[in-house]
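Just passing along the structure, written as structure tokens.
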Amino acid sequence: MSTNRLEAFSDGVFAIASTLLVLELHVPPVGEGPLFALLVAQWPAYAGYVVSFLTIGIIWVNHHAMFALVRRVDRPLLFLNLLLLLVIGIIPFPTAVVGQWITDSQGAPVAAALLGVVFLSMGLAFGAIWVYAVGHHELALEGIDPGLARSAIPRFTIGNLAYLVGVALAFVSPLLSLLLYGLVAVYYIFPTLPGAKQTSDVRRSATGTADPRPGGSGDNDSP
Amino acid sequence: MSTNRLEAFSDGVFAIASTLLVLELHVPPVGEGPLFALLVAQWPAYAGYVVSFLTIGIIWVNHHAMFALVRRVDRPLLFLNLLLLLVIGIIPFPTAVVGQWITDSQGAPVAAALLGVVFLSMGLAFGAIWVYAVGHHELALEGIDPGLARSAIPRFTIGNLAYLVGVALAFVSPLLSLLLYGLVAVYYIFPTLPGAKQTSDVRRSATGTADPRPGGSGDNDSP
Amino acid sequence: MSTNRLEAFSDGVFAIASTLLVLELHVPPVGEGPLFALLVAQWPAYAGYVVSFLTIGIIWVNHHAMFALVRRVDRPLLFLNLLLLLVIGIIPFPTAVVGQWITDSQGAPVAAALLGVVFLSMGLAFGAIWVYAVGHHELALEGIDPGLARSAIPRFTIGNLAYLVGVALAFVSPLLSLLLYGLVAVYYIFPTLPGAKQTSDVRRSATGTADPRPGGSGDNDSP
Amino acid sequence: MSTNRLEAFSDGVFAIASTLLVLELHVPPVGEGPLFALLVAQWPAYAGYVVSFLTIGIIWVNHHAMFALVRRVDRPLLFLNLLLLLVIGIIPFPTAVVGQWITDSQGAPVAAALLGVVFLSMGLAFGAIWVYAVGHHELALEGIDPGLARSAIPRFTIGNLAYLVGVALAFVSPLLSLLLYGLVAVYYIFPTLPGAKQTSDVRRSATGTADPRPGGSGDNDSP
């Protein structure tokens, strides 16, 4: 299977999962009070929407960057990608749990930890795809230096560690934990931040050698 | 990242957000009265559906027209586009609020203003993408004259001003405010209306010079 | 705008609208009786699902067949297509109304008529796109004979008349009316039935002359 | 109609149906007890999500593998594919029924059997497409040996028999029946398991002869 097909299906799941998040924002029932106050009281649901939408959006961006380095897809890779999509597809559920329980003192830690566990599973599935593709050189583009490719792994690890910290933090301060998840998304947007350098280098090295497309994947880094 | 990928993902969000609008139309429960009367009583929900569907549809059209002039996408542009999609994705929520609260005298102004604020955010995110892309000539197609490109900005501004007026108008007449949002969508459909001339010129100039595709983006203007 | 873009966005709306239909099938609440009996009692919802899914599917097929004959898209055509999509997107709503009201003697005629009115609007929007595209020869493929193209119009008219009859029939027998809508979908699947000949001829004539794609649109007719 | 179009629309339905599954996971209402216990009590819904997501994902993979061998699509094939999509689109419904009824001793067998009947219908529709395409050599790629193609049919039959066993098993142990459905998905992931060899051979034979795409469909088998 060409990576194009896999990416098209994955794009569909990414786009749908992020857009379904809106269904967890509920219209306040008429007659329960002034609309403005009712809308403001739902702020945790909006915060969850923003954090999860950005997280899915960033994972989409990095999914493309990753598969720009993959030449072909075998069955185990296909299965790992399905696992990633299975986790992406479930994100609206813990997001909704956060939206409704984050203001309940008993439930808030569990809700925030649940979201972190799902984000962590996403990060691990993403990392597993990368490790598998890099470790099977018949799958990766020819120009990729395995050393450089491996050096991108610390970057995934940072995100996963942050999610792990977030899960623990949920039992101290659920809101700080949510904030941390949001910061991870922002961190992954900017590949030129300290610690992000390697990924860009890998990409540039690979595309410089093997990507024949005009305006290929190396272009999405700000200079 | 090529603009194709970004457009495909954006298309997904546009299509899903507009189609999810239908989920806010609720089936009247059996036994509450004659079906015809119950259906007619839901007219505000249908009006909201039409206004929001057309608004998303038009933004989709103009999103393509805009990215036809963009040669490549860097990380900040990607992030601005994610912000736009985040706003597009949330549109079904204020639309549903309007559908249920527009006939409630206390809540109607807040509901209509909320929809306007979301549309205004959409317009500002759209304008920010344009200003950023035009201001970084390594991103835009080579044939684009920056002066012409900049002259399209007033056109965005007109829409945003109309949304701003709509937000204020909501506190006088929520229904007139809804009508105004609908008119903005219709205004953006027809690029040959007075005030729309510039955009077409930019597009023609750019595609005439640099767009190698047969039937390229200059073709979508009626003569 | 190229027709490819328009078709991709339209495909999205078609696929999403047909898949959203499933959300109108409700899980019977535990404790209300034996599950099998509760599931069987929902048969009208399943019937509505099948009729609407097939209708959207067939319109999708014919939408592609139509746009295979269109060379480029101008703003009015874009707007007509948005109107069609707006109607397609709303189909899950009348389908759900039918599913819940078709067994209510008072509401059944209104529900079945509502579905017919929406299908009729869909048919009219579809016909309007065809008439507009055929009437503006700068939009159509060069090889199309306007006479042949015009001869496809009776075929659209048959479907629209059937929907009109269905709306009237709804007030006599709502179930027969549903059955008729289903038959229209089946009728449009098979272009070799009597009365469908012309459409195939148009397509063959057009693609034989001007469609350079291997396996182009003329191929979807059984010999 | 080219197979590309058909696959793009099918991909949309596959991606949407699998992502809609999440909407059947319900947020426990605040105040009904400790959140953790409430979440754990919903384990059947998660199990249903995983089984149905994987099943749709695998069918997507095999749908592509199948259409890689099809050269063109006629109307009956189009209709068979619509039937398959109609079944795929309904999967979230029996999945939700399982999620809510599997712990109800009276309803569990019916729920598990319903899911099996839907999966079986999916398998039969899939097999019907294959049999039809292989039986009409003007539709299949030229390099396909009909004998080899026919030898893939036992593989479909194994899955369908497993679903049939699952339906019967539902009346003995609904949970074992669910487990069996999950195993079928896992079975179809790995084409190198005993009994899967033939499919791979068909694919390799076909693509080796007639598929001109670099990295064509023969690549998705692990060596």
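First chain written, first letter: the chains are A, B, C and D, and each begins at residue 1.
Here is the rule we go by: contacts are C-beta pairs under 8 Å (C-beta built on N, C-alpha and C of every residue); 3 or more make two chains touch, one makes a residue touch a chain.
None of the values given here were measured: they were computed from a predicted structure.
S.K.: Just to be sure I understand the contacts, which chains border both chain D and chain C?
M.R.: The shared contacts of chain C and chain D amount to nothing, since no chain touches both.
S.K.: I'd like the angle of the rotation relating chain A and chain B after CA superposition, in degrees, nearest 5.
M.R.: Rotating chain A by 90 degrees superposes it on chain B.
S.K.: Could the interface between the copies chain B and chain C be described as same, meaning over half of its residue numbers are common to both, or is it different?
M.R.: Mostly different residues form this interface, as fewer than half of the numbers used are common to both chains.
S.K.: Give, as an integer number of Å, the spacing between the C-alpha centres of chain D and chain A.
M.R.: Computed from C-alpha means, the inter-chain centre distance equals 26 Å.
S.K.: Could you please state the distance in Å, as a whole number, between where the Cα atoms of chain B are centred and where those of chain D are centred?
M.R.: 37
S.K.: Two or more other chains touching the same residue: where does that happen in chain C?
M.R.: Counting only residues that touch two or more other chains, chain C contributes 8, 12, 16, 20, 23.
S.K.: Among line, ring, star, complete and other, which best matches the way these chains touch?
M.R.: ring
S.K.: Can you name every chain pair that touches?
M.R.: Listed in label order, the chain pairs in contact are A-B, A-D, B-C, C-D.
S.K.: Can you list the residues on chain B that touch chain A in the complex?
M.R.: Those in contact with chain A are residues 1-2, 5, 8-9, 12-13, 16-17, 20, 23-24, 71-76, 78-79, 82, 85-86, 89-93, 96-97, 99-101, 104, 106-107, 110-111, 114.
S.K.: Name, in rising order, each residue of chain A that touches chain B in their complex.
M.R.: 8, 11-12, 14-16, 18-23, 25, 27-31, 34-36, 39, 49-50, 53-54, 57-58, 60-61, 64-65, 189-192, 213, 215-217, 219-222
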